[in-house]
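What follows are several structures.
Both of the next two complexes hold chain A, though its partner changes from chain B to chain C.
Up next, the complex of A and B:
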């Protein structure tokens, strides 16, 4: 049942994209670790980490496309799920520091010692085990999406109102995580990580492995999302996007479907965040900032929403542009991003991938002109 | 007496009242549809036709009154749209609403009677019986040739037919059809009347709301005239057409 489900998603484009992602997942670590540093083919470690970060953004964009592109839910708070996954991973990494912290406390992270806390808060228990942390990486964002989405969709909050409350959700979390007494390191967040499942997070090998894992997450996310989109459930999601009340009168519980896809998407975003944190070496409340979630929406729009591959392309392209731009004209980046969004909305409403596939479709459809097959004009 | 009526009916509305911000859309509407009956409902704008449909399908909850289904055994007023659709009441909207970015056949596929739960649809595989049913429905609504096309490319009249096809796919006991021939050519209107008569002949109950008198005459069934949220007159088309009250408020204008 599961294999049939997954295989159904494999159209030619998805297969090509999967092969490309897997090739990159192998090639870049090899070029970094095996090819000697003097060689022109050597990929320096900082680039491996940078690309690894991009890959986690691509997974976030993919998660957003699943809800926005296919079900019409414009979430402006998806960064919250990404950040929660990141915090879950950060808590695990903090517990791995042990006595190597500045204060050398075997149990308490440095910031708790600094705040004069005597014992670990209850919600930090269990995070010394990787398996538990890994579970929380998907469960915490999933649970938030279930409660928040469940309530919002049941109350039939849609369109711009839903976008606004998702934005409020991530902003509320931003404010909450800023507070020292929340127990998540306040303003500074969680940092100074030492190792992950026994490997030094700074080591080249670990970084290459994290890069490969990030690529695999994108690949797995793509495979799974494509399978969902091609299933009957995927068709129901598009039906909801196009004509919500019609779907309801046919007998589908719209709120249940929306909640389902919102939870799946939040979990994927959580995994992306969890892979992001060990690569950038820090997680702080800034990751909840509403601007981050909006940026993710722009990646999807630029790449082409409702195409699955587009958001991956969009996340890579916009972030590559951001890295380059913030190096040259850092103070103008936000203006450039805004301009990009306006231009894409005006001239490429289907995004990069959507526009390209339209061109191909037109070329394929153009030659066999059959006058009898003309669509009949509406009266 | 009232309950005896209810027990023999498919759909039973008794003294249904609905108001929106003080505007009384339905002022004690009563209506009985028998199993296997086809009924036409006419009335000027604002007579309460759409509000009545909303009450039956769970979109609007009546302030007062009873809405019962299947011999009075099921109270519809406490159920949501999806639950009512599952019970076997299908609805076609006034404005044709189909899933524009799905193909014609996928539109029917989504409407086919099947488990509506998300996990059932996630792992669903189209069965041979379902494929045959889709073929049959597309034949019925004259869209077999256009099955692979996106629904947005259909003409207005074809969208109306596709929507009727989707209704059939749900295998409802009762079809509520709101202005099925609005915007259709005369030829399409007559074809639609034939289509509805055929659906009725297959044993389904049908309620048709329509403005078009020629179309209602073509259907040749019992007519209910609504006016200002209540029933004004009921009977054959010739009976209501000669009813002085009807002539005054509706036909005479």
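Up next, the complex of A and C:
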């Protein structure tokens, strides 16, 4: 039944994208590990890590597209779910350091020894087991989304109000994680990781594996999202996006549908964050900053919301642009990003993928304007 | 003690004391120090200090007493330089007896110092040390003191000494407790609470009652202070949010660049002050008055530009507006960073805004007071514009029913641009005020944007009164939470409170009622 559910999501475009992602997931590690360094086909490790990071961003963008593109929920706090997943993974990695820390305490991470803490806070227990940490990576963001979304959707907080309170949520978490008393390393966050399930995080092999895992996460996220979108549930979500009140009057429990998709999306964002942390080697409260969450929104907007493939394209394009700009013209990056926000909203409301597929549709001279092709966001 | 009970008849004459110093005996030196302490001579303190520093030198043959100051030698009594110092100068010797005479004398000398501030500090020092030996000097100082406030401080210090003096009579000590109570601060409470256990019960009781009374008063003042500081914070929030109350509240535009328009106002103030500094320094006190209209114009024009080029294409798509204006905010930030640099810029306060105002046990800076007044003026001014002018009427008409307003001949695109410009201009004005209390840097706006949205949403969108009440409430709540929970946790609690509040009342504190709201 589950296979049937998943297979229903496989339209031609999703299949092509899935195959592409899987090919990259296999090819890049091979080119990095097997092909000798002198060869023109060798992919250096820093690129593997860089693109691994992009892949986690793509997964975050995909998660955001699921709620924004298909359910009209513009979350300005998805960075919080990403960061929470990252912190869960960071806590596991901290516990793996063991006696190799600066202070050599077998149990307490360095910052706790530094702050004169005598024992591990209760919420740090269990994070020495990978399975527990992996569970928390999904559960913590999911639970926050369940409580937050459940409350907000039941109270019918919609549109910009919801956007603003999601922003307030991530801002509150930012402030909270900055506090040393919270027990998450305060300002400095968690860093100096040594190994993950027994493998050195710095090693080429681990990095290639993390890259492949990130790509697989994107692929799995895409497959699952496509399945949701193409199911009956997905139709209801789109109905909610386009006419929330009408959907409610027909008899659907709008709040339940919204909460469900919000929780799924938060979990995907959490997994993305968990893969992000070992690749960049640090997680700090800056990840909660509202600006990060809004940046994730622009990835989706650039790629094309409501297209599933768009956010992946958008995340890659914008972040590649950011890397290029900050390397060549660091002064101009914010101008470029700002202009991107303005121009995309004004001239490319459907993003790159949406616009291209519109062009194709028009060239095929199907009915002049497909009525379902221009959904208005629900307000 | 050696001195203090009665002032010598020849108060100003210290020659006899100086002669004693040349006798080169510890007893004579100590006696001379006592004489100096009670003399009231302006040089007395300098001479005693010189003995302590071992720079006071004497020559027994010529009866010269001099202070060696580096390479110079000056006459002890007059402070004049001695051109040809006698060859036999040697330092006045010091032992423990002399040292204790010096420390007693220094206390007494500062109690009678010609400088009122020093006398006051000395009285406080005695209050804290409760040195029984200073009692006589205190009496003498009280008799001599002409300044009412300092005499009060001396009296309280004396009472503190008597209260802790085991051999004073019970009645005196009870009375002393009530005098200490007049001081009314935390030090007085700790003194009253820390009496030794062998103190008679009557004195203990009096002290406890006095301590309780002080604590009640202090708690009251604490409350008043929190409320006032809260109102001050609230007025800052109000200033930051009030422009947003127009653009977001009235027009429904999510203007994420609002904070940057505030920042533009602050930078306008900076530029105005720079120009005044280099061209007309005399006008500096008027710099803020000059900056206000300019900041309104700068931010207002930028606002109109934003509305005409970007926002007007996005009416009815609030989420897209949010993204576009966020992009604009990034551009404005980077533009200011490129023009003025990333560092904080110095914006000075005109003389009428510096200083502070004492109100009972509270100190309020004049700048904060002005900002409170200014926030109210801006608020009332905006109310007047919206409610009493033709332009305000048109603005309200367009936001309430665009089609009908258009049918009545109102040029709605113009009104949109002007309303948005008005909201942005007011953000600029807020920037002038905030430049006085915050760092003027490209990040200035970001610090206010979330708070401003919280205020507007909490107060109720589309309702200026709601914004006023929302800003002041959040300010006061924040300040009352701060001492209990700490500044950061307090802020987090306020955010969580607002998030929960919106669940209960999604349209804010003062929601507009009617069918149009659900549209």
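Just so we're on the same page, the second predicted complex is superposed on the first by the 365 of 379 C-alpha atoms of A that agree within 3 Å, B and C clash if a C-alpha of one lies under 4 Å from a C-alpha of the other, contacts with A are read in each partner's own complex, and residues count from 1 in each chain.
In the analysis below, a residue touches a chain if its C-beta (ideal position, glycine included) is under 8 Å from a C-beta of that chain, and two chains touch if they have at least 3 such contacts.
All values derive from a computational prediction rather than experimental measurement.
K.L.:
Looking at the overlay, does A:115 come into contact with chain B only (first), chain C only (second), both, or neither?
P.N.:
neither
K.L.:
Could you say whether A:346 touches chain B, chain C, both of them, or neither, answering first, second, both or neither?
P.N.:
second
K.L.:
Applying the document's definition of touching, compare chain B and chain C: which contacts more of chain A?
P.N.:
So, of the two partners, C touches more residues of chain A.
K.L.:
Report for A:197: first if it touches chain B alone, second if chain C alone, otherwise both or neither.
P.N.:
Neither partner.
K.L.:
Which holds for A:359: it touches chain B only (first), chain C only (second), both, or neither?
P.N.:
Neither partner.
K.L.:
If we overlay the two complexes on their shared chain A, which of chain B and chain C does A:257 touch? Say first, second, both or neither.
P.N.:
It touches chain B, and chain C stays clear.
K.L.:
For chain A, which residues lie in the overlap of the chain B contacts and the chain C contacts?
P.N.:
Residues 245, 377, 379 of chain A touch both chain B and chain C.
K.L.:
Can you list the residues on chain A that touch chain B in the complex?
P.N.:
Residue positions touching the partner: 1, 4-5, 228, 231-233, 235-236, 238-239, 242-243, 245-254, 256-257, 260, 375-379.
K.L.:
Applying the document's contact rule, which stretches of chain A touch chain C when the two form their complex?
P.N.:
74, 148, 151-152, 154-157, 159-161, 163-165, 167-169, 171-172, 175-176, 178-179, 245, 290-291, 294, 297-298, 301, 331, 334-335, 337-342, 344-346, 349, 377, 379
K.L.:
Residue numbers of chain C touching chain A in their complex, please.
P.N.:
Spelled out, the residues of chain C in touch with chain A are 254, 310, 313-314, 316-324, 326-331, 333-335, 337-338, 446, 450, 453-454, 457, 488-489, 491-492, 495-496, 498-500, 502-504, 506, 518.
K.L.:
Please output the residues of chain B touching chain A within their complex, sorted ascending.
P.N.:
By the definition above, chain B touches chain A via 57, 59, 81-82, 85-86, 90-91, 93, 97-102, 106, 109-111, 116-118, 121-125, 149, 153, 155-158, 166, 170, 183-185.
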